[in-house]
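Below you'll find the structure, written out as structure tokens, and then a few comments.
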Amino acid sequence: MKADFARAAGLNIILAQDPEARPSVDHGPLHDIPVAIKDNIATLSMPTSCGSRILEGYVSPYEATVVSRLRAAGAVIACKTNMDEFAMGSSTEHSAFGPARNPVDPTRVPGGSSGGSAAAVAAGVVPIALGSETGGSVRQPAAFCGVVGVKPTYGRVSRFGLVAFASSLDQVGVFGRTVDDSALAMQIIAGRDPMDATSADIPVPEYRTAAARPVSTLTIGRPLEYFPDALDPAIRARCDDVLAKLRDAGATIRDVSLPHSGLAIPVYYIIAPAEASSNLARFDGVRYGLRVTGDGLTAMYEATRSKGFGAEVTRRILLGTYVLSAGYYDAYYKKAQQVRSLITQDFHNVFNSGVDVLFTPTTPTPAFKIGAVSDPYEMYLNDIFTCTANLAGNPAISVPIGTVNGLPIGGQLIAPHFDEQAMFAAAYAVERL
Amino acid sequence: MSEYEMVVGLEVHVQLKTRTKAFCNSPTTFGAEPNVNTCPICLALPGALPVLNAHAVELAVRAAVALGCTVHGTSIFARKNYFYPDLPKGYQISQYDRPLATGGRLVGVGITRVHMEEDAGKSIHDRYTGATAIDLNRAGVPLIEIVSEPDIRSAHEARRYLQTLKQVLEYVDVSDVDMEKGSLRVDANVSARRTGETKFGTKTEVKNMNTFSGVEKALEAEFARQVAVLETGGRVVQQTMLWDGAKGEVRPARSKEESHDYRYFPEPDLPPLVLTDAYVDRIRRALPELPDARRARFREQYGLGDQEIDELVADIPLAAYFEETAKASGNAKTAANWMRGELLAALRAGGGDVQTFPVRPKALAELLGLVGEGAVSHTAARTIFEKMIATGEGAGRIADREGLRKVSDDAALEQWIGEVRTENPTEWARFQAGETKLQKVLVGLVMKKSKGKADPQRVNQLLAGGV
Amino acid sequence: MAVTFDDVRHIASLARLSVSEERLPALAGELNAILAHMEALQRVDVSGVPADLAAGLTPMPLRADGGEQLRLARPREAFAPDMRDGFYLVPRLATHEDVDE
């Protein structure tokens, strides 16, 4: 099978492509399948720019573990996809290389930060793509583009070679046209990696067998905080319709509460920028990437970083530096981590009460017009339903559940830690409806 | 100046002698070509992650236990954020409020903490004009930082603490602790206060001390400077001072104008380090006998005094050599004396070390045995020793061949006495007349005549008895 | 806890970012607006809650002291901005120290 780059025309979703790429092995579960890789994942062929001027043209001299595993399964690394710079964004408008466009409606964003990868699958360029998640950056674009997007449990998939944004939140995620394709891809990249000390030493089950689990064995929670009064009625209607059909198919539906959900955005927007401000300190023009000379070393650092980073990245680095700085650490970063524990505990409590998975809308709106959202905080609210799973580490998936005004929307399923099987089982069931 | 006292705390950084770096497999070899000992991880390439070296942990725990610290079952790594070209990540992985170990003690000085961290690379400023050259071979080498309480009250005490610290770390074999090679580095916090005052004065940080004697001099210089400030009614400014060994003075470090806000937070790429009690106990039980314990044992077991002990415990091979000799000869005192005297002198002259010294403990014991049983005199023994070093032969053999055994046979002795009497009639007459002091002289002459072979005890007896 | 212009200058300096004076008001405004939303956290009772540390669910795995050095697929010079004789070169620090930090 070959990547169909023509389908990407006019969408600005591909930053680099390798039409000559061939499988590295003669067989394997992904033999000859072309895969798109988000441009913040290190590949040996093609640059890894992270959507940033500071790494424009940088070709990594080593490869991410997830890429090695795909190649070992026979996949072809076909292209690198556009993204919000350093994964900071929810629309792929913050790329240094121009915004990406949603294949369903090119006047609209594909979501972000993994917008290019979501769009590549939606447009039919490739059947499978890798993205990354920190606050919802796979699930949200999956919902906007009408494809499946999966975020594994934190520690399920190696981060070695994923350019770090927020280390305690980042995970590599997967896009597919179907739940089955996504489950297969996740199967291949998941598992302990000795190069990543946060990767879990837990065996990887056969995810695709989850398709066989009868929906009548599932107890599905509907958390009230994800269905606020202000939720778009059309989205609410679609979600409740899905739940009704699942009930008709035999599932048990239960109303539950995750009381600290409303604190997720403030918690996320303290922890993520804080860790990012530290992770991005290595971009200093000394050993790789852009260097802008100035009068002396400090001038070089400042000129390089100011020229190399875009406005959103700059804003988050400043925010992150501030909340870690002397006098503010306790009130901001430490407090946010404590509240994070409460959010994690909410999920534990619900899953310990007999609920197998949670079902929620993935996003509060469908894809918005390019340029429509300019207020940073308003943009952050795109992550309102997705970022809790990143904070708590739980696995989550977005499955297409129809359209609103002709635009795709996603339904999200969240499962307990390392219970991707329950998540996939419910996803297969939703897909079958 | 005695109305003021010096208050000093020392921060010592020690490189652990692992084969590879703290967080990656790059080698730690010293003196390699620039930047060859680097990889994506220690170069801080995008996407690289740290994984901690198990042997570094073992050595760090060993050091902490040897310094009497409590090793914590859980410790946390933290990022210390600052920009410098030889710090590739823009942060150093270190430990902050949950260190590996706390609460030790060494020669009366409290040890606040021992924690693990990684070293930075090297910045070389004078190799190229207008540029600084960066070598990251050293970036990522595992270190422990040993922080003392501000218990030190004199430059001399500081030196003693450092020397003992170096010795202990050598004993437990965790580091080369070589200041010249940079595997041991010292920074000091110095303040002054009126003697008897309990509150601490403002402290300055003193850096760039590259030898123990440099540390002593720097501390004295900085103390004197602070006292001078205080005596004129001024206030000591908190700053970093650099020791200039060439000029013998401290001067303020030229602006590091940035405020040191390191923005510490727990390292999210490394889960907590968990060490079981069994792990720490195993390391404690495997420790070699430490200098203090050895000192106490030598005092008890061999009845040696402090001076003797200091010289023999100075290094492990010497102490081991001594013990073997003492056991083989059955006489610790003579072994100690001989080693402190003849053996150390021979080592110094020959320039070698005790492990390769040609006379091995058993052979020395044989010689000491001959001296002990009166078979050879002290003088003869020295001669035999020299020949043992030169030829590697046994003491007994040399004594026989060279005829160096003591002669106690009265006939032979009387013969020599007779010769001395003939050659020294005046002294003899005076001795006979009652000048007993001359007996010693006459014995000496008999020893000379006999080329050291005469048994001086018997000669004394014969002379006193009126031969 | 309002962020002042001086605060912005200070954190920009800590982060080695140069922020023009014209941009200061907008940046300070944006940061303050974002931080205002964080005030909700101040009201949360976290007594007895330990700060959620590095999210690794198991204790730290260690690695053996040896094995092969991780290789680079291309030489350092190929992606370095300025290297000479194997050294990375940077402009000499304007206020350089003779001391390694």
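Per-chain residue numbering starts at 1, and chain names A, B and C are given in the order in which the chains are listed.
Definition applied: a contact is a pair of C-beta atoms (placed from the backbone, for glycine too) under 8 Å apart; a residue touches a chain by one contact, two chains touch by 3 or more.
From a predicted model like this one, the values you see are computed outputs, not experimental measurements.
> By C-alpha centroid distance to the whole-protein centroid, which chain wins?
Closest to the centre of all protein C-alpha atoms: chain C.
> Greatest Cα-centroid separation from subunit B: which chain?
Taking each chain's C-alpha mean as its centre, the farthest from subunit B is A.
> Contact counts by the stated rule: is the higher one at A-B or B-C?
Pair with more contacting C-beta pairs, A-B versus B-C: B-C.
> State, to the nearest whole Å, the distance from the C-alpha centre of subunit A to the C-alpha centre of subunit C.
22
> What whole-number Å value describes the gap between the mean CA coordinates of subunit A and subunit B?
57
> Taking each chain's centre as the mean of its CA atoms, how far is subunit B from subunit C in angstrom?
41
> Which parts of subunit C, given as residue numbers and ranges, touch two or more other chains?
In subunit C, the residues touching two or more other chains are 14, 16, 51, 53-58, 60-61, 63, 70-72, 76, 88, 90-93.
> At least two partner chains per residue is the criterion; list those residues in subunit A.
58, 61-62, 168, 194, 197-198, 277, 281, 284, 286-288, 297, 301, 321, 325
> Can you pull out the residues of subunit B that are in contact with at least two other chains?
If we look for residues of subunit B contacting two or more partner chains, we find 40, 43, 51-52, 83, 85, 132, 134, 136, 261, 263, 268-271.
> For subunit C, which residues are in contact with subunit B within the complex?
Residue positions touching the partner: 13-14, 16, 51, 53-72, 76, 84-93, 95-101.
> Which bits of subunit C are touching subunit A when the two form their complex?
Residue list for subunit C touching subunit A: 1, 3, 7-8, 11-12, 14-19, 27, 30-31, 33-35, 37-38, 40-42, 44, 46, 49-58, 60-61, 63, 70-74, 76, 78-82, 88, 90-94.
> Residue numbers of subunit A touching subunit B in their complex, please.
It comes out as residues 40-42, 48, 50, 55, 58, 60-62, 64, 159-164, 166-168, 194-198, 274-275, 277-278, 280-284, 286-288, 297, 301, 321, 324-326, 329, 333.
> Quick one: in the complex, what on subunit B touches subunit C?
Residues of subunit B touching subunit C: 18-20, 24-27, 33-41, 43, 51-57, 76, 83-87, 120, 122-125, 127-128, 130-136, 207-208, 242, 253-258, 261, 263, 266-274.
> Residue numbers of subunit B touching subunit A in their complex, please.
Against subunit A, the touching part of subunit B is residues 40, 43-52, 79, 81, 83, 85, 88-91, 132, 134, 136, 259, 261, 263-265, 268-271.
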